[in-house]
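Same chain, two partners: subunit A is paired with subunit B first, then with subunit C.
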Partner chain A sequence: MQYQTGRMGTAEGIGLAVIMTITSVFSSSPSFILEKMGPLAWVVPFVAGTLIISAIFLLAYTFNRFPGDLVAITEQLLGKAAAKLICLYYIFVFFSIAIFLIRELTENTLLIALPYVDLNIASLWYGLGAAVIVYAGLESIGRVIYLALPFIIGLILFSLITTYPLWEVNYLFPWQGYGLNTLVENSVGLTGMQAGVIILTIFAPSFQTARTIKAAAMFGVGGVCILHSFIFVVFIMTFALKAGSEKILPLFEIARLVYLNRYIQHIESIFILLWVTIGILSIAACLFTCLFLLSRLANLATIRPLIPAITFITVELSRLPPDITLVVKLASKIYLSHFFGALIFPIILFIAAIIKGRRKKACTYVR
Partner chain B sequence: MVDNIVFKLYRSAKNILGYQPPSIPSPFVLDEQRPYDSLPRVDLLPNNEKSLADLAALLRYANRLQDFAGRMDTVLRSNVWTEHAKEIHLEFAALEKQLSELTPVLLRYDQSNITHNFQRLSTSISENKKILADIYHLPRNTDIIIRDFSIAGTPRIQAFAVFIEGMVDNDFLNTSMFHPLMLFDDSRKLYNNDFIERIIKECLPSTQAKRSDSFDMLVASVNSGATALIFDGIDEAIIVDTSGWEHRGVDRPQIEQSVQGSQAAFSENFRINTGLIRSMLRTSDLVIETVKVGTRSQINCAIIYIDSIANATLVNETRRRIRGIATDYLGDTGELMQFIEDHPSIPFPQSLSTERPDRVAGHLVEGRIAILLEGNPFVHIVPVSFFTFFHSAEDFSLKPIVVNFMRILRLFGALISTLLPSFYIAISYFHQEALPTELLLAIAGSRENVPFPAWFEIFIMELSFELIREAGIRVPGFLGSSVGIVGALILGQAAVFAHIVSPIIVIIVASTGLASFGIPEYRMASAIRIIRFIFLILAANLGLVGLATLLLWIAILLCRMKSFGVPYMTPVVPKTLSGYDVVLRGPVFQQWSRPDALNVKDQRRQPLISRVWKNFNRRND
Partner chain C sequence: MYLRPVIFVLCTVLTLIAAGCNGAQELDEVAYILSVGLDAAPNNQLAITYRIAIPTTISGVEPSQGSSKKSSVVVTVIAPTMTDGRNLLNSIISRSPKVFHIKTIVIGEELARKGLSDLVSSVMRFRDYRETIILAIARGSAKDLIVANQPELDVLPSRWVESMFQSYYESSYYLRADLHQFYKRLKNETGAPYAVVMGINPLSGKGQAENRPLGEDKGRAYIASQIPRYNGNPVEVCGTAVFKGDKLVGFLDSKQTRALSILLGDWKRGFMSVEDPLLPTKPVNVNIHLSGKPAITVDISSAIPAITIKLSLEGEFTAISSGINYESEDYKVLLEHQVSNTIFEQILDMLSVTQGLGTDVVNFGYYIRPLFNTIQALEAYNWNSKYPEASITLEVETHLRRSGLMRKTMPIRED
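Right, the complex of A and B next:
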């Protein structure tokens, strides 16, 4: 049993890992990856997923030896200045994810759900939606995702499988894509898109043990990787390489193609429920992490008074780029920079932990 | 110094910049670590050795006593006993000394016998009273009555009667038991011959009276409504059948009707209600604590639980909350619950309200706590989860496949009741492409002559429906149902003919209303009805985006709520062992464990193999 405050279990952990990785499925990133990788794009999630899971495992090893969360461990291993820097860097990571998510979600809303709604109102609505959830706390976010997970996975799989009359297996060839080199290079770079999974280590003391974090990363990220890969396979088999890389919202396009009979067709509207839910939860998780790191950085007693201000700033920043094309370009560049947070910092901390290796009570919160 | 606007602004700015969260006590969360698990483990081996040594000493004494009795018998029969008198005297003194040495061992043995049920009655009336007080958790248990009295006779004999109030026939008790025992002939010499037999034959004009020398039989009979009479100096008791609790005469359930199972419901009488629960759960472990609530009008409030199952922390917290109510008067259990529940401002119920004793018994056995208020026919059960509200009273009377179908139907009904009108609005306003063309044309055709927007149609129809429902409840007797029929049929038909609403709207609102009646718990259905209106407003303005956002907020709210320290959405999130009775229900013989979230003292409800008969072959004779 696992419901005491500050003792999140595997279920909540899986929920958080899923929400930080699954959101990219609903954006235009699959088209972007398809363009770069060709028919071998379906391998990318596995490579990126393996790397990020390894990073979490390295950090879990560190948590077994040093007490505290990511910031506290950095302080013990690399000093106060490094801890502040790490804190600032991860604030940037999660803040940027939240900003781009709000903008992308707003643009998607205007494009397919509410074409007559003003951009400001839509983005403010998503900000409000996330802010209310931030008040509820991370534990509730994790629980809701875990609760919604069967429906999310079920609906995605339903829409993927029901397009089977349109599948053409030959589109998956040539199976080597653009070569192994391109695959590895780009996959490692694209690991930054899944940097949000580090949330598990930022809130490490809130989990029961380091093993809980490892299990959450394994099942959460692993499950999303398999789903992501299946989406690529179906996407390539349905649209082929050229047409597929031109689609702005691949999953939405797939849902639009569903036709079982005259009453079950064009299920893209129901799909809106799905991506709005996932989007808002993801923004809320990012905002909560930002606020938590801010409070750690400035030694604040609570994060609640900051919620409206930070949400408003996030919404305002999301409205700065003039169009969605610039947003996508900016996002792809900034997500690449998240690679440091996803892989490099965990490796540095792991090496430092080995050098300073000592064993203390695992996952104990110290401030 | 004058407190002007500058100082006020300065103070406000200071408060904002140096904000400190208010110090509020941390909310109650039922500890996930069982206190019973963390008790120091008893090192059994040394104790066992000591016990064996004690028992061996007792056995040696018994053997010696037997030998002595045998020798005495031989000596007395041989007519030469005077020769052996000194020897016998010495042996007797030695035996007495050994007995005095063994007395602490005997006492320890008696005290270590935790379940007094298997113990025999003592000749000491105070000892018997103490044991009964232990068995029945007195003085916490307030419906267990121990009545002291003396029996008319020479000499007057001290005695006490033990019975459960609410389960006995008080008139019978007074006229056929206490009256003959206390007020008859004072010159009787009762201690002559067989005292118990004489009392049964001469003093008790009852159809059923039997003697018992053990507590297990006595307790079982008292739990079934009998009265036990225990006398000073006698190690036997008389059990008189005085059972007279209210059964079917009470009333049938008005709200929770069922096809199968018990048809009894609670009434306004406090003791009849506790008696009904006692008659369902015949165990001395059932504790009915009474707490007075209200400062001006003090009303009895019973906290009912099974002592060997319910979590002690939970019981203490419930008691603490009820004792911590400071108000003039409490007239209703629902009112009481608003004083003690975790989130009184949230419309979702956090306790299960029931009028059925069988349902209360079922939940008590699972480790929950029942709260009963005097003068109220509804018992509230805590803690509960969201899914409990979709279970009905007869769920365990029917086969799993039937029950599971019903449960899915109820949940589907709840979903329809919450979302159907708003979904229709969202689809017809913003996402018409989701509808097949023929259906879209049919809807457009039916709305052709209606001058109002669809959201307004739904809004007025929903309001009308709520009005009809409310009027149906308030109008007395047969008129109530007539109002419902007149309202639903005539008003709906007339509205369609007058082109105020379209037929599709009538269908949607009627389906929604029907679905909401499928939810077994009235308060849950009411909460859903209220939320439906918010969904409607958001769907009309933001389509499926608004719908999804509100769904998410509600999910977050539900995941954050607690019912007496237990998460509301358990056992789904957080994930706990559930005993295969959440949304779907398994076979009764596979309900091995109690809900894990309740952290009960005894997790196991029945052995893994509960159909023991399956393991034995049938005899071929």
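Right, the complex of A and C next:
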């Protein structure tokens, strides 16, 4: 008997979709995208979000015709070998997201909050925190995020809106930035970064219907894209192109700039609180998905004995790159490769489903 | 069987350990630096002056016998960099020096003229410095200015800085110039950085610059250290330091600074004393504010860019010494014209200074951004090189809408 994940609804789905996409908001990615795109950077989250939501909708269409989760459907449509390969690929996707998240969060914690903590101890705490949450299960993670969502969004919006006196709208121009040709490349990169949202289809049987998955993707990813785009707009209006492209943690820098009066300033601690909460939950969701896929691959009855081992391996691997520059560089390359899992593979499955569906129909007709 | 208790214990320990107290320091272990002054020193060194808070005095604790009631102390070290200066400071004071409560960085004029790129790069990168720090240029030495600063209304110099820059809009004779705007203008495609000017007043009431009043303004224009006065804190804040790249190239006086504030759309309100149009020996006082952001357009279709500025001001009378009935529609027009003309001349004066210096401190280049499709095209246009040649058309319109608490002035009885 295989490990089961429980029952989830739209709320948990939205929570999972948000947690797998919102981490990019807290990372250095807005700064990288701004450097490449210029003032047009705010469009990138919309394009990436549209691609991701389309991929989920294609998979939801497939789920309507073929029962099971992503691996099961791959097995039905493309065969056992392809299913195992895909299983391995998604383990790599979620494993790499967890590894880079642990390292980036650890480095950023040392950079802005706890400069004197040992790197190893900080990454171990992140791993430990995530591991404890993994024990609670994916359903709990989804619910916790959904409950925390109003506070998360509210506090981010508060940080953004309180920089209003510094906004200069014309910095959103020239409207094409460095040219429209860079839009596709950067949107692909961000789509890869948000590949984790495929989690909705990996745990598809746990959701009530394919419509639940579609709603979760629509509201979860759509909401994060709007937020991400708004962060870009505020970031560009506040820092403009050149100064903005230098920043390593854009949202943190925005929060640091808030100065309404002598009593409302130094509010970046809000940002740190949010960022650690979201980061640990995101690592936990990635680890859980890795473990679940491992259990599918090896047909294991439970995942719990594997939690300490996988967490320890993730933490150890996250410590391998010697510096943060290399981490960011490596992460951007690997996230780019996630584009296959985020969009190409869902399209392949969708086409296979259509072809198989037709054959089924043809077969029925003959009978 | 023991899994749940183990997880419970683990969570409890995690909550206690991961509470963020790692590396925490007690208040009596740290020295909070409130302001830093930087001057050029011989052999390519910096004279770094720190004003450090004394927390016990601020908290109201009665000082022990023999100890002073000062709220802060000043230390100056000579070092090649700010980082080394901080290390040296640690050898001088018993507590750990902390810079994250710095309110202002004061740069000596000589150092500012050499360029601030080294300073700005280190300040912007290190997390303890904030972009909300006020950047000030001292007329003369930053060290002398920090030592001379003895605020009388505020307990601490840091509070003095905060109060000064929260009330700047009362006159707009100086601007709230922080590191954020300085760095943004330093790095982005258009606009010139600016900083606030501080100076030490001799408190002699004379020997000040003889600036001629511009337009029909009764008041003269000053830069910090020139205000004619006798008492009070010797340090004053007045005017704007203008930069070309990272180098200080000139100063704007109080009236030019107010003109800059108007074009930046930052002018909240301000009093003006203008000559009475019908009795020039008498002043008329008005309180003016912008009735909207200035409408600025830049036409780049010809070789010489054309800047058009339309300003709309409104305000009220606060004093009419002559007793002439300016409240009536026929006379009011005269006074409105007087105010418009004064602002017009002061703005043109400021623009001619900045065009002469080649520094687009108003950032007119900001208004040309929508005219380009790509950043490459904007950069190729090179606005900063075209600004000194730009033609400027200025329209100022003033509406005096209120007459204060008097609807008309009755003449004084002649005996």
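As a convention for this text, the second predicted complex is superposed on the first by the 351 of 367 C-alpha atoms of A that agree within 3 Å, B and C clash if a C-alpha of one lies under 4 Å from a C-alpha of the other, contacts with A are read in each partner's own complex, and residues count from 1 in each chain.
The rule is simple: a residue touches a chain if its C-beta (ideal position, glycine included) is under 8 Å from a C-beta of that chain, and two chains touch if they have at least 3 such contacts.
Fair warning: this is a prediction, and the values are worked out from it, not measured in the lab.
In the superposition on chain A, A:Phe32 makes contact with neither subunit B nor subunit C. In the superposition on chain A, A:Phe235 makes contact with neither subunit B nor subunit C.
Of the two partner chains, both subunit B and subunit C are touched by A:Val132. By the document's definition of touching, neither partner reaches A:Phe207: not subunit B, not subunit C.
Applying the stated contact rule after C-alpha superposition, one finds that A:Phe94 touches neither subunit B nor subunit C. Within the superposed three-chain model, A:Glu12 lies in touch with subunit B and out of touch with subunit C [touch as defined at top]. By the touch criterion defined above, A:Ile270 reaches subunit B but does not reach subunit C.
Touch criterion met: A:Leu257 reaches subunit C, while subunit B stays clear of it.
Looking at the shared chain after the overlay, A:Asn170 reaches subunit C, while subunit B stays out of its contact range. Common to the subunit B and subunit C contact sets on subunit A are residues 113-114, 117, 125, 129, 132, 262, 265.
Chain contact summary for the complex, subunit B toward subunit A: residues 16, 19-21, 29, 31-32, 427, 430-431, 433-434, 436, 438-439, 542-545, 547-549, 551-553, 555-557, 559-560, 566-567, 569-570, 572-577, 596-597, 599. Interface residues of subunit C, counted against subunit A in their complex, comprise 7, 10-11, 14, 17-18, 20, 22-23, 124, 127, 130-132, 159, 162, 166, 180, 183-184, 187-189, 366-367, 369-370, 372-378.
On subunit A, the positions that touch subunit B within their shared complex are 1-5, 7, 9-12, 109, 113-114, 117, 122, 125, 129, 132-133, 136-137, 140-141, 143-144, 146-148, 262-263, 265-270, 272-274, 276-277, 280-281, 301-302, 304-305.
For subunit A in complex with subunit C, the touching residues are 38-39, 111-117, 125, 128-129, 132, 135, 166, 168, 170-171, 173-179, 239-243, 246, 253, 256-257, 259, 261-262, 265.
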